[in-house]
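One chain, subunit A, links the two complexes that follow: it is found with subunit B in the first and with subunit C in the second.
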Partner chain A sequence: MKVSDLVKEFQLTVFSGESGLDREVEGGYVSDLLSDVMGFSRENQVWITLQTHQNVVAIASLKDLAAVILVKGFRPEERMLEHSNNEGIPVLGTSLSTFEIAGKLYRLLCPEEILPPAV
Partner chain B sequence: MAVELTYQVKGGDFSHAGDASSQVKKVLKQLDIDPKKIKSIVIALYEAEVNVVAHALEGVIRVTVDEEKITMLLTDRGAGIPDIELAMREGYSTASKEVREMGFGAGMGLPNIKRNTDLLEITSEPGQGTTVKMVNFF
Partner chain C sequence: MKVFRADLHIHTVLSPCGDLEMSPRNIVEEAARKKLDLIGITDHNSTRQAEVVRQLAHQRGIAVLTGAEVTTREEVHCLAFLPDEERRLLFQHFLDEQLPVIPNSEGRFGYQALVDASDNILELEERLLITGLRAGIGEVEQEVHRLGGLFIPAHIDRSVNSIFSQLGFIPPGLHFEALEITRFVSEESARQRFGIAEAVTLTASSDAHYPQDIGAACSLFYMHDLSFAEIRLALLGRDGRKVMPQPKENR
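Right after this comes the complex of A and B.
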């Protein structure tokens, strides 16, 4: 699955970093604490957060994350946009809450982990 | 083979936090170091770099890479750490409100460094500054 597939599937806004839209996605990480992401996220994960500053992209780049999704209609700060374009890390946006977008992403990426609905 | 790199870090300048770590990552990739080792080194160095930005007035990062290891020495001028043992504790932080609002200052930086280095030495003179030495073997 590529970042561009997520954009289509969840109708995400692409703010910046278009050159990274063909990055491979292998999972997700949810946190607004930067050291948590620094320490525990893994390569090719999509990072869901409400932090909108450039250090988010710095960390995403250092950790080789696939993309960043900003929740609840948050928009990236100007320097985050610049950094994202320079690094080729897509910064995406959704109007959904963290809980909702993380749930959808989990269902898409890990369908075998989800139990079928009770009849 | 020995590669030496030096970077200046300015306290409070979050717009360049991580620049040195990013440069070191590129150099290690060029040197064909094991990607797993690079990942740990990058985590430790980034956290140490951010600590200088968040807590000190200024600092210098000196990195030496030889055949068997990387040595990262961060020396800063600033408040220092009065109680290193306390500072190492998961969740303990003295970061400002502004720094915390950015998502830093969760008291995870030093524990991240500890987990991702083979050797870690911290010495500090309160009111003067802090020296952090980190070594990772390849």
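Right after this comes the complex of A and C.
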């Protein structure tokens, strides 16, 4: 699955970093504490957050994350946009909350983990 | 060159987490008892209690930096100090504009009392002061410096609300006069742990919420006098002036 597939599936806004839309997605990580993401995220994950600071892209780049999804209609700060374009890491946006977009992403990426409805 | 003892991070009754004993009068008494020459009044997201402390302390020969402990949008705590009353009021205006209106719940967070020099309550701040501003750390820093102030990211060794806990590392392009460490870490270990160059000044302060904690950590300022300009030069380590943190002095 590629970042561009997520954009289409969830109708995400592409703010910046278009050159990274071909990146492979292998999972997700949810956190608003940047130090936590720095310590525990893994490469090719999509990072869901409400943080709009330039350090977000720096950390995404350091950890080789696939993309960043900003929730609840948050928009990236100017410096975040610049870094995103320079690093080729897409910054995407959704009006959904973290809970909702993470749930959708989990269902898409890990369908075998979702239990069938009880009969 | 003289040596001045400074504790630049003290809360008052205006902070919801500040003890009700933290009135301007008690703070000045305790600062005098601890032989401090300079204190910083830093309530959460408000500078309103600082001026009365400055006036009271002046009578006792103690200098006061008036400012606040700002919570940025990223929930990084940063000390901000303004050079004079006019610019403190301008910065207060900025804080008022940037603070989301969330009513304080006194039962949960504590009282936010604005008091006068004789401990009379003038008003209760109705907005919750401990929430994050709408402005990010870069915007806050630029506003402080536009007003000629001092900007010091607070308690960098804490695991919450510090620049490292919230942002992972110090963003390039952020300007600050110093970084603050708590009484729970030595200067050496803080520098090593966070990779802070010798050229960057570290201050140590108490972050006192109770009178007895005032001065529990302090910094020695080597400079000519207690003027704002001298304090800035000392923080920047200019012309032979310097600041030596004493994080564990009174433990």
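Just so we're on the same page, the second predicted complex is superposed on the first by the 118 of 119 C-alpha atoms of A that agree within 3 Å, B and C clash if a C-alpha of one lies under 4 Å from a C-alpha of the other, contacts with A are read in each partner's own complex, and residues count from 1 in each chain.
What we mean here is this: a residue touches a chain if its C-beta (ideal position, glycine included) is under 8 Å from a C-beta of that chain, and two chains touch if they have at least 3 such contacts.
Quantities reported herein were computed from a predicted structural model and do not represent experimental measurements.
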When the two structures are laid over each other on subunit A, do subunit B and subunit C clash or fit? clash
Which of the two partners, first being subunit B and second being subunit C, lies in contact with A:G103: first, second, both, or neither? neither
Could you tell me if A:S61 is touching subunit B, subunit C, both of them or neither one (first, second, both, neither)? first
Is A:G73 contacted by the first partner subunit B, the second partner subunit C, both or neither? neither
Subunit B versus subunit C, judged by how many residues of subunit A each one touches: B
Stretch of subunit C penetrating subunit B in the combined three-chain arrangement, among 41-49, 113-121 or 149-157: 149-157
Looking at subunit A, which of its residues have contacts with both subunit B and subunit C? 33-35, 38, 51, 53-55, 58-59, 79
Spell out the part of subunit A that touches subunit C in their complex, as residue ranges. 33-35, 37-38, 51-55, 58-59, 77, 79
Subunit B-touching residues of subunit A, taken from the complex the two chains share: 32-36, 38-39, 43, 49, 51, 53-56, 58-59, 61-63, 79
Counting only contacts in the complex, subunit C reaches subunit A at residues 73-74, 136-138, 164-169, 171, 173
Contacting residues of subunit B [partner subunit A, same complex]: 14-15, 17-19, 21-22, 25, 39, 42-43, 46-47, 50, 102-104, 106, 108-109, 111-112, 115-116
